[in-house]
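This is the structure, below, for whatever I ask next.
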Amino acid sequence: MLDYLLRRFSLLIFMLFALSAFTFGLNYLFPGDLLTNFSGQVNTSFSQSQMLEEKYRINDNVLVQYGAFLGRLIEGDWGVSLSSGQTVFSHVTLLLPATLELCFYALFMAVLIGIPAGIITSAYHKKWPDKVISTLTLLGFSIPVFWLALLLIMVFCLGFGWFPMSGRIGLLYEIPAVTNFMLLDIWLLGFPYGGQAFVDALHHLALPTIVLAMYPTTVLTRFTRDSMLNVLEQNYIKTARAKGLNRRQIILDHALRNALLPVIKQIGLQFSTLITLAMVTEVIFSWPGVGRWLIDSIYQRDYPAIQGGLLAVSMFVIFANMLADLTHSMLDPVSRNQSHGKV
Amino acid sequence: MVTAMTDLLTNPKRYITHLWLPAISLFVTACSDVKPVENASKTQGIVYCAEANPVSFNPQVTTTGSTIDIIANQLYNSLISIDPVTAEFKPELATQWHISEDGKKITFKLREGVEFHSTDYFTPTRTMNADDVIFSFSRLFDVYNPYHFVHDASYPYFQSVGMDQLIRKIVKVDNHTVRFELFSAESSLLSNIATDFAVILSEEYAMHRASQDQKHLFDNMPIGTGPYKYKNFLRDNLVRFHKHENYWKHDYAVDQLVYDITTNNTTRIAKMLTKECDITSHPSATQLEALSARKDIVVDKAVNLNVGYWAFNTEKPPFNNVLVRKALAHSIDFDKIMQAVFYGNGIAAKSILPPSSWAFSAQQMPVYDPEKAKAYLTEAGFPNGFEMTLWAMPVSRIYNPNARKMAELIQSDLRQIGIRTRIVEFEWNTFIERIGRHEHDSVLLGWAADTPDPDNFFSPLLSCTATFTGKNPANWCNPEFDLLLTQALDTNELSMRKKYYLQAQAMLIEEMPLVPIAHGVRFQARGANIEGAQLRPFGGVSLANVRKGEQ
Amino acid sequence: MAKFSLYSEESNRSPLSRLWRTFKANHLALVGLWMFIGLTLLAMTAPLLAPYGIDQQHSDALLLPPSWHDEGDVHFILGTDDLGRDVLSRLMNGATYTFGLSIIAALMTTIFGVVLGTLAGINRGFKSSILNHLLDITLAIPSLLLAIIIIAILGPGLLNTVWAIILALLPQHIHSVRNLVVEELNKDYVGAYRLDGASRVHILFRGIFPNIYEHIVVIFTLALSTAILDIAALGFLKLGAQPPTTEWGAMLAENLGLIYIAPWTVGLPGALLFLSVLATNLVGDGLRNALQARKAT
């Protein structure tokens, strides 16, 4: 196990290095002045730009520049956003929790619905529950996320007026940021406004969560179904069936555990998809998260912000994948022996 | 399907009442004894959906209308103001004023007992006095003022109307009397002092920031005398103001005023429909129908002094050639624009001045004539056309509710005469900044007046100084034109001023640095329970008197 | 578990025709296939078939509802938008951009994926280890995000979007093809072939490809549905096709402001997007099921 952890850890370090090198390279790839891309400062006076050149080691070779870049990354000095004039790092710490909050709830919902649905379809393979759910997942799988969001807004916000269509909470509620996770903050503050703020925040969460959960739910349903069907084909299940166990016993006592192992890994992989879909969802629901900010930064060609946003999002995706891998191997000893990158 | 959808949209109440009424009434009876307390703790407040982030919290340093709308009348007061109906000067922080015989000395008597905001970052120890007035104005032109060079000494409005060149000094007569001494008499000075830009800042607060070496925070964490005080600002999200408890004028301002920053037009209207906004700025004409169909929403409409135009960068070839500019002007189908962009809610421009201005005179405007346009182009030496950029402002303002669409119409018209256009868009504040650096070939923009004085349409927009401050979108500096403007300002005689402005208007059409397109009508949508949000014919939005009634 | 049969004509049919028989039995998949063919034809011929040009503005017919509506006009079957442009013509041309370009992107991805994936599959040692590590890193980043990164570098635009999507989809397809090749390489028949003295090229073209090409078709449909969704999403976010290009996602975003007075200008592009992704997925699923069914027999 230790050997396995060590291998994983070195892979993590390697990936983070590769990511930082890529981000560093972006400074050269982006159009515009190199120093501006690094620092986010424009129209600097001569003495200022000399100071910046010194700080960013512009006149040294690329390796020294990269070293300085890495040092700044670790210190949390990610440059200054061109459009707001504030540090990129402060933006990221403010916005990333909002995105994560949304993704967590969506993933939670996807697991809660997707896995049972997958089990039901496999249990009733080729019978009507299977057909209904499979058709539904196919529809959910094919619907563009922004189109779904618009439809839901049309019906539930504008039509029935049940849900608000933007933001994390009604703006008249003043919730000071502690962790930047809205529900957590409200809880920490002891449910201000007589609990109304909490209810309002839940209302705001509802639609974005449904929209965001749609795709991972269908993926998990399909994946669970395939995995279950695979397991149900195996000989030990046939033996169990021959012994006269009923469907319920076979599925719950024998098949489920083995079928869910690959699903757990799949849950972790969904995080990366969620983050991307979250960008679109955030734009439509005016959710003040890192995705909306990243897309705005691209419109405004705010290169330091684009860099920072990408770095934060990719780092998060790498960590999430790693975590999923670890959980998977904790539960499934066989997978530990597959070394990485080996054919 | 379509009809059902629109029905659902316009009349959602019908769908929900019979579904939800029993449930709701049950709920209400169940917690009827708790409800009033909860209502009290959910603060009284108003949400205003605004179209852009404020660039600063000091109106002196910007001319961006979307910013002025948010900050000027809410956080600050001016010495005097202009009555929107009678167009006469009204006392604000100054109770009386007097102009000397030669017009070179103006004395203001200041109101006593005016309190500045008391916030978590600053507590004032004294009320407003002459020092505050002197500080606020001397910052604009006095290089010895400790704040003059903060933010690159850029005061675009005052510099483009030449106010910084006009004031010799400001004298403190006593604690509540100040005297402005001028180099020359100028007819528009009082109306410039009455604009939203000429606000009174706190000198005590400025010195406090300076002593902490935090001058850069002075304009971003404001202290003023207005009905609301600054609480916080989250970029792309919200601006929060609280009630100023000791406001000198009245005490019925709402507890909280929140600006919901919503760039997208459609989203703003949708938020109005879902009641997430109480008031919405600039609903676009296409959406008025959906709004006015609702009983709980009122759409206000007001005539406004403004002009939407298409400006050429006259320093950049080929736009330095007046023939090219004329060719472009003649290639546009203005009727189509009025119909497709303004939906009949606008007046086609006959000059740069709107017809409601007293100096207005109708000009011979260019008409849609592709043949003539082609002839001009050939004469200018471009028979095969050329390529150009067309910058379209990304937000909806009175003078141009949908610049993107207008740009597409122009793009297709220009293709007829062989000119290929690329439409350029940026986030609003970046857009203004880049236009200021004259990066564009041509731009769709506009101007909304801050005062009823006609000079407000010329000096801040097309003078040579406006070129240097980056507020002249045509990058057009013509000494003859500037002379006309100065002559008009130097006299107090109305008929003479009118004559000079007529010449200036004719010259603009002759030289065509910009093509005036239309004068928009100002719209605002508000909940039927919102009162006191009055639209004004000029200047920014004022929410000082706004109140929220029962639903 | 083939049943013993004296007259074994049936099982002597070619694998392809057996695949078709199973595929045909699935009606939904067949419907999907017809829709798919229809869309492909439309994408190829739209500029010829469309009644009007995409930029042709009819200033006397702004915002007309579809023709079956009381105020509709039979000349504009699906109505017009706020600039008086025919919605039908624009939607038809949209097929060329959204669907047509997606097919091209998916085809190129598949071709590059097969070439690189095969190389990765048949090579061993240090080279392949590096390649696999790199693949693992890029696999961690979802395609849309990768496309957004590439667009951030190249700048918004339709052509850049297509490149970005090809590059973004590539890693996962190299990965799948590599896995397929490796799986086949480990099978006994390849070993026997090798013992027979067949060269690597021979093994590849005679042994492996005939056995995996159906899988590659499935991979292609997956790439296609992702490409459609990504092109449209980028168009919707205004990072891809720029108006007045009639890409469906961009059209949807452009007409969003009309959602209250002309819902059909927003509804139709979305519905078409949904249908084209659905058709692709139906075909893909049908193929996958048919392949599984053939394996099972």
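Which chain is which? They are A, B and C, in the order written, and residues in each are numbered from 1.
In this text, a residue touches a chain if its C-beta (ideal position, glycine included) is under 8 Å from a C-beta of that chain, and two chains touch if they have at least 3 such contacts.
Note that this is a predicted model, so its numbers are computed, not measured.
With B-C and A-C as the two chain pairs, more C-beta contacts join A-C. The chain occupying the central position, as judged from C-alpha centroids, is A. Chain A and chain B have CA centres that are 40 Å apart. Separating the CA-averaged centres of chain B and chain C is a span of 48 Å.
Work out the mean CA point of chain A and of chain C, and you get 25 Å between them.
Each of the following residues of chain C touches two or more other chains: 256, 259, 263. Shared contact sites, meaning residues of chain A that touch two or more other chains, fall at 154, 299. Residue positions of chain B with contacts to 2 or more other chains are 5, 9. Touching chain C in their complex are the following residues of chain A: 11, 14-15, 18-19, 26, 29-31, 138-139, 141-147, 150-151, 154, 272-273, 275-277, 279-280, 283, 294-295, 298-299, 306, 310, 313-314, 317-318, 321, 340-343. Contact residues of chain C toward chain A in the complex are 121, 124, 128-129, 132-134, 136-137, 140-145, 148-149, 151-153, 155-156, 182, 225, 229, 232-233, 236-239, 249, 252, 256, 259, 263, 266, 270, 273-274, 277-278, 280-282, 285. The part of chain B that touches chain C in the complex is made up of residues 2-3, 5-6, 9, 264-266, 269, 284, 286-287, 289-290, 333, 335-336, 339-340, 402, 404-405, 408-409, 411-412, 423.
Residues 5, 8-9, 12, 15-16, 34, 37-38, 41-43, 45, 47, 231, 234-238, 240, 256, 258, 260, 262, 267, 270-271, 273-276, 425-427, 429-430 of chain B are the ones that touch chain A when the two sit in their complex.
Contact residues of chain A toward chain B in the complex are 83-84, 86, 94, 153-155, 157-162, 164-167, 170-174, 192-194, 196, 286, 288, 292-293, 296, 299-300.
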